[in-house]
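To start, I am sharing the structure in question, which I have written as structure tokens.
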């Protein structure tokens, strides 16, 4: 069954295909009275927008968001906020070959297997274009959690990790890779250029940190903060792994190494480390919430790959058209959006049950 | 807000604390007419049961499940199935120190931060004892998906991975570690013994494979099969990371290396690899569904750790009592259960929308 | 908390205000492969459309629906179907007085009490204009249940009931009141004309019958077919009562009078009566599903009514502008839509659990 | 699909059959820190308990509730509260005839049609015995809304209405009918006695009033306060109609008669009437919330009724065993419970979105 709604009390529903007339999101459950205009959302869309450098797809989409409901005299009314983004630069002719054969690594085969047919133009509903709707919804979510600062950035691209010692916050927006390490950003230029020229692609790892989350958001057992983040991130196109705090590395620590010891502080406890990534027992500790997601390389490549066609016959496919050589890059604003959407929901859920933060 | 229910149409709700009189699960939405007795569920509980070897906690719990509703004349009626497990071996005196100070790495501090107080006996609701309820519910879920074979096993313990070349399915149940590599199992004995004797603990990585899942289960966009699995696994105690297929390693592949090429087969396509872990676009491909979860080392250790008490004052805590030196071991049947629960839900959801499999 | 989504597996989300640029619905969970175009939906919107006779509001809205997603090559793809209707004939100047004082019987005061302010133009989100979105979504739902025939009609207007003996199905679409009794329709002309000329309003009772619902849809206990219908109907503007089958009259029967005796039939049992309205134990019996809803008179009247203004001071208000003198009339296609939406959801839910109808 | 969970953030899940070992409810989402013991719940169960007068079934059930989780040191912990009630007085032998043939008016046929078979003992899951679980859950809900006073009482029995002028609150608990009119209670004795002696049954209308609900609870559009109440009440066994405020009578009023005019008051507006039953636009007005439900006569009667058996053959059935001659009587505490459960959920939902009441 199709579930295009995410969230429990702060919820959003997305719709739209890559080559349809428009895409959109309906945000429901937003608190009333928050100042909101298109200008609050557009900057986040601009960060995700394609065609801004040679390292992303050359599809030209202005991604101008319009608010069609839920705002009156500049403030949210508490009713559903409909956000809409027109699709402008569809070139459906690029995708004729895709209609016949399945691109390995894409959802072509599975959509046909499930639904019997599919909108093959630009990946249809399975296109990462849908993530623009999430970013728009995330722009609204941020207004609900002004106490939180969210940053996402790439910590690895094409197997080349950043140097944590060289981490410089101000670099993140200074290069086309959302890369906090200037030297790595330079190396990555070549990696992505090489991949692009070869018609190949590379993967990446995005890290997202939310600071200012108070202790107490999240809850047992199936709406744990980390569980919700895992679902949110794994639902993003091309994501194959999610970890919180030390994540997989935690499995290699011993109990002493993993302990986040505490000391009294002026404003709640001081933690001497944050192996837990800001979440214990599914509830925030007050430390930064840290999530990392692994994105596979773009499945669209020029090298011919063995496949089958819709009739089950042998075929070979090269994926032409316009693609991101590394989908991981533009995923950074998407992960930020999902973090904001999860946290907004959890803040309201916590307020519902405990009355805190009201 | 607390959400102790998981699933969309095949759902279960768990309740109970470590040291309360009992724990349980209510399974709702189960198809009618399935033969079900306690004997169908008990074997899975027995695999997870504590106290079966020196490598797990010595708490003695028979974990006998009782079915209190939803079954008539040996078959499910389609109404809620209440499963109950009595707690037998509570020793609340062991936990007096915990009442006063927060154990780093545990949910003590976050529960207090959220709820204002907590049931500190054995971790209360945050105890991994809750996972017995999931395993019981998973036993019901398996009846819904007889076409699927699920196995979970440890692929790494204390930083020591198995040798994939030595993978032997028959070994999994032949050692106390659910380890498919006999040589690794031998090494792990010493690792866990050392940790136990030192009052320390180690982490582990559990892999779970579901074979027989037909192409077409799962759906865009926020009920993707991999997204649901991520949520399900991340909700398990001590889990800090989840990956599907190649997971984080996929981020280091190029597009060619990541492509799962296809050839025509007699029974649907033959895939030449399974980097995707059986899921593309959130929908199953017909290949084995592969998930891996990282579990941190048990946070209960004998080494004193700096912490604070409930009044915010400096304290030091050693966690005595009975614990698993490696919670990852007994997590294997829990991951299996969550896989079964997700797949049962997805099978019914797919049937709802497409009419397939009816 | 705002919940603008209805349904469990076949779901729809509506958005939009009376005087915003547009209104719409996102239909999620629709089975794939169903032929769908705007032409399948428009006739239902046309039945509900305002301005078609002197007995309804004179607001002129073409209510042309557009499908923005979820359909490819004329068939549903299984992904979200975005439906949009532009607002054309807003006259916001009519509502200036409403901004200041609360119209008794309207949601003005309660929206302010809840949200702190409101979009007062034409009732904003609380306007019955929202029901156009439901009717559009209902047009999709009908495709999911081709075996079912749904008719809604008025059985009482302004306290004047139809004569059941004069019930003539063919009359329903032959008068502006969806009235199955030609003589009553004639009397109602005068009733509504009188109310309209006096600036007053009248209530009505709508009955909706769904034929062809097989036995077995619905389920215990909180998704009973009748419980879902009650929620669906009570959510319609101006509805104050819902009853199934004999409804309130059943409370005056004795056990013998209420029994729907059964005889063997060729195609399932033959029921000798249908006091139950096609639902027993929350599950359909195979008989016609019968629901009746009571709609209060339009709260917009020209007679000045004592009220308070936003500052809590005494005021008096006459509601000018364009209104339906009897909202119950145009409610008939809305009740039909909600019946279709509930039944489509229940059909898919039944298929999920039992595998029937696949 | 079976949905045995009700509520959005304050939720409860019930389980259990009439003749199983026990029934129960799991209450999830309860705020932490509320004093709670069995003694807070038991009085409500005692009001609903069977066998307390000759006017109800003679089944003897002590209906002693036990709290198995979610409470520590006398206060709610914020985790799921498991409530359990043992079944004590099952007499399965009484129901042998029911196994073979369908009792008209009962869920026998529909359960078989849906599930293929059923637990026929005492109605199984479709038995009104399930409502004890709701009453227990409702006892917890009341703690969440201490500002609200809820009373339910019968306003009509066997077609004999109370005299509103004789309404005396203190009478409600002074007779076995929850009847606020002493004279009517006397007449009803004879009505129920006559029905009981004749092996017949009668229907009833229950009214429930919640005072103290502040303005602002509830929300558009599919979680309207009245919509939720309608679903909650229609899910109760034997209920065939639900109305809010004037309900069906509102359909006979004109706009002037229906207007609830307002005047300034010291503590919010003063309404000059309450035709709306405390709800406008789905949101509470601050006036008493008034709901009325119609209950059909008990379907179990001694008069033989024509029916069919499981093989579709002609049969005749008399329903012996122990039954309530008027299920409407014991429904009063059940309607109260559902009102409490809906209001608790709505209070928390309102707090989530608006921050009010925290």
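Labels for the chains are A, B, C and D, by order of writing; each one numbers its residues from 1.
The criterion applied here is as follows: a contact is a pair of C-beta atoms (placed from the backbone, for glycine too) under 8 Å apart; a residue touches a chain by one contact, two chains touch by 3 or more.
Keep in mind that what you see is a predicted model, and the values were worked out from it rather than measured.
S.K.: So which has more C-beta pairs touching, A-C or B-C?
M.R.: Most C-beta pairs in contact, of the two: A-C.
S.K.: What's the farthest chain from chain A if centres are computed as the mean of the Cα atoms?
M.R.: Chain centre farthest from chain A's centre: D.
S.K.: Taking the mean of the CA coordinates per chain, how far is chain A from chain B in Å?
M.R.: The computed centroid separation for chain A versus chain B comes out at 26 Å.
S.K.: Report, in whole Å, the distance between the mean C-alpha point of chain B and the mean C-alpha point of chain C.
M.R.: That gives a centre separation of 45 Å.
S.K.: So how far apart, in whole Å, are chain A and chain C when each is placed at the average of its C-alpha atoms?
M.R.: That pair's centroid distance is 38 Å.
S.K.: Mark out which residues of chain C touch at least two other chains, giving numbers and ranges.
M.R.: Answer for chain C, listing residues that touch two or more other chains: 1-5, 8-9, 14, 29-30, 32, 78-79, 114-116, 125, 219-220, 348-349, 352-354.
S.K.: Where on chain C is chain D touching in the complex?
M.R.: For this pair, the touching residues of chain C are 1-6, 8-9, 14, 102, 104-107, 109-111, 113-116, 125-126, 130, 156, 158-159, 195, 200-205, 215-224, 226-235, 240-248, 250-264, 269, 272, 275-277, 279-286, 294-301, 303, 305-308, 312-314, 328, 349-350, 352-354.
S.K.: Would you pull the chain A residues touching chain D in the complex into a rising list?
M.R.: Interface residues on the chain A side: 8-9, 29-32, 78-79, 219-220, 348-349, 351-358.
S.K.: What residues on chain C touch chain A, complex-wise?
M.R.: By the definition above, chain C touches chain A via 1-5, 9, 11, 13-17, 20-24, 26, 28-30, 32-33, 68-70, 72-73, 75, 77-82, 114-119, 124-125, 348, 352.
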